[in-house]
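One chain, subunit A, links the two complexes that follow: it is found with subunit B in the first and with subunit C in the second.
And then the complex of A and B:
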């Protein structure tokens, strides 16, 4: 079934980029529908404390920021629907979206589905998902008070979240496949925790298997790259921070151009190769995976969407 | 005199773009000095209520937002110096800045000087500046309670600020050189005020002179484009909203490339044609004159500055 109604703009996703865009579009009386298949507020909503979102001198809890963004968008009339968009295609001058609520028509579309946590793909990872294997320290760290943890990864997130998890865990083994790639200040802070005996860093160490007993994780099996030796790390839980995966599977049958890692390509007006389809935030190739950047791009995308709908460039 | 100290980054300006960038750079232990010749917080600081900066569901006063941004940057160690940068040039691999505090050296520079209000350039405009002629309704509107005003301009700002000024003024004559170029929703709201007799819109009307008596404005003289007839508009004050002027005069002797209206050109990494010199916010060609966009670009610029200083691209 296809709705006969033509929406001004349908936004795919309801994270910071889409919510910021929706504040702008709805304030300008552009009718705006957002589709969210997961959590309103996106990754911001599952972040403990956001220290660097400009405007909050002492930081703000991710969940509070997400709620603020939602309220602000809804205040001006944004409608958020829980459901999933499964394809986007041109339909004459309009865009047809296949969704879990049926087909829908829109004059413009904003793709703002963000990116998800990457998995390492080892035995036990799926089996113990959310009951021993985690990707969000804020959400699940507190379950490991006075427990022993393994963290997998060597980038900024892995180090930052390891530092955070020392609030709870008695000890953390940090398994780094090659070398640490975290920023200097993070490595400096990490060293303090190493010196304090809270974290042990294992460089050049592969993660091979997450092993459980009686329905809970008991250890992680790794390999020392140099010697090829197996090493066992006793652990009550595992946190994996090995990067992000763009949420663009739903575009695989569309004509929308993606880059080599699956992010949506746009021009500097944030428009994709399909006219009327825009992208903003963590899902956009060239974005920087920051909430500030996502909301900034959301604002810009909204202005471009208005121009597209009005059929001309704004002047002021 | 040239300081021998080499700064990690000198930011020219301390508006939302620079302050957001400074939050990011200082959190990463990048030593950061900001130069501000006017008001910390830039145009945000002289904006009444900011309704569309993402994260504040009921809006936030511009001055409060500016203060928040300043506090957040200073919390992590940003240093703000009052003074002016008068030129930027390459000095080997470094950058030399001529400033009112002497010459300074930096590894990187962020240009974030924003844009200023444009003047109309008619007799009386300069003479009655700030005592009858104004460019900021928030700052000076309250002086015109129960007074009669003229507003000059036809874009979004002119209409938006006219609507705001009806809080104070008994009547507003809006002089529009050609046609209204404001958004539909603004024109809709304007019509309500026209119907209520609060605002009279004069299309195709040139503004020729601001006339005063005894040290205060008494009228504005305009011309009806069609008939060529002079028209007099009695007024206690005049507000001018005819656009923005990029603050890039200080770059006129530099090699930094500007666009046709004087905005700084950058690539998608926000780097100018001079390596190590970046630009963000209202002064950047392609930016959208929104606080959200400025802070987003500030964050992005900071990440690019870090990469430049580290000599490689970040991965996570």
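And then the complex of A and C:
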């Protein structure tokens, strides 16, 4: 059933981009509804510590930053509905969103759905999911107190999460397919843990299989790319951080244009090829995938939405 | 009818906050077992759910039947506490 109410703006996702946008739209008296299928605060909420968000000289816990963003948006009247948007389509001059709470109509839409963890696609990964194979250190790390872990990946997330996991694990083998791509600051912190014997970094090492016995993970089998030799890493658990994939599957039946990796294409006003539909944050093609830039894009999108609603662009 | 609800959590778990937010909005009281503060209860969480993850939400009904919801999964949590 389609709700008859027409919302000024519906935001898909309630991560940093949408929450920042909502602060701006609601302060402009633009009625704002956000849909969130997971955690309010998005990936920022599941990040242990954020050290590079301006204004917090000592860093801020991701969960606290997310909570602050939520409170700020709600303070000015943003409404957050827990549910999922499954499609967006034009309905005359309006936009129709199919959601788990029924169909909704809006004058404008902001797509701010971010991205989710990629899988490596090796044997054992699916089988031991949540029973030895994990994608969220702040969620599942506590189960590995005094245990041995393997972390797969070589980017910022892999290194940052490995550092977090040292508070629980006795030792971590970090398997990096090619070279480390993490920032210098993170690599510096990583070196301290390497020197302390808590983390061993294995560069040029492919991950081939996650092996279990009696229903739990016992080792990871990898290959040294240079010699082609198989290597076994004993492990009680594996955390995978090999990059992100855009949350745009829900747009596959829509007319919204995506780039070759599935990110939403926009013009410089952050508007998509569909009039009245904007995108901001990690899901937008060309975004720089940081919390500060996501909130910045959210603010920009909100101002463009205001202009749109004021009638400047209602040509359709 | 729900008799009681227990959520296994940790200090850093964002999805746990979402479960609490959902139950709070429904006006349902719950007990919390924080595995960072009570690591000795990890085995219990694992035995109940078969998963090494939080949140684990254990919903006990008036007739003492139990439903265990792994993670923040509204499709399972909503009917479990209805």
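As a working rule, the second predicted complex is superposed on the first by the 307 of 316 C-alpha atoms of A that agree within 3 Å, B and C clash if a C-alpha of one lies under 4 Å from a C-alpha of the other, contacts with A are read in each partner's own complex, and residues count from 1 in each chain.
Everything that follows uses one rule, which is that a contact is a pair of C-beta atoms (placed from the backbone, for glycine too) under 8 Å apart; a residue touches a chain by one contact, two chains touch by 3 or more.
Keep in mind that this is a model prediction, so the values were computed, not measured.
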| item | value |
| --- | --- |
| Which of subunit B and subunit C A:276 touches, first, second, both or neither | neither |
| Partner chain(s) touched by A:142 [first = subunit B, second = subunit C, both, neither] | second |
| Which of subunit B and subunit C A:124 touches, first, second, both or neither | neither |
| Which of subunit B and subunit C A:155 touches, first, second, both or neither | first |
| Comparison of subunit B and subunit C by subunit A residues contacted | B |
| First, second, both or neither for A:45, with subunit B first and subunit C second | second |
| Subunit B versus subunit C as contact partner of A:23, first or second or both or neither | first |
| Touching partner for A:222 - first (subunit B), second (subunit C), both, neither | neither |
| First, second, both or neither for A:246, with subunit B first and subunit C second | neither |
| Which superposed partner A:114 touches (first subunit B, second subunit C, both, neither) | neither |
| Residue ranges of subunit A in contact with subunit C within the complex | 38-41, 45-46, 48, 61-63, 66-67, 82-83, 130-132, 134, 138-143, 145, 237 |
| Complex interface listing, subunit C residues touching subunit A | 10, 12-15, 17-18, 21-22, 35-36, 39, 42, 46, 50-54, 70-72, 74 |
| Footprint of subunit A on subunit B - complex, ascending | 16, 19-20, 23-24, 27-29, 51-58, 60, 65, 68-69, 71-72, 75, 155-157, 181, 183-185, 188, 243-244, 268, 286, 288-290, 292-300, 303, 306, 310, 314-316 |
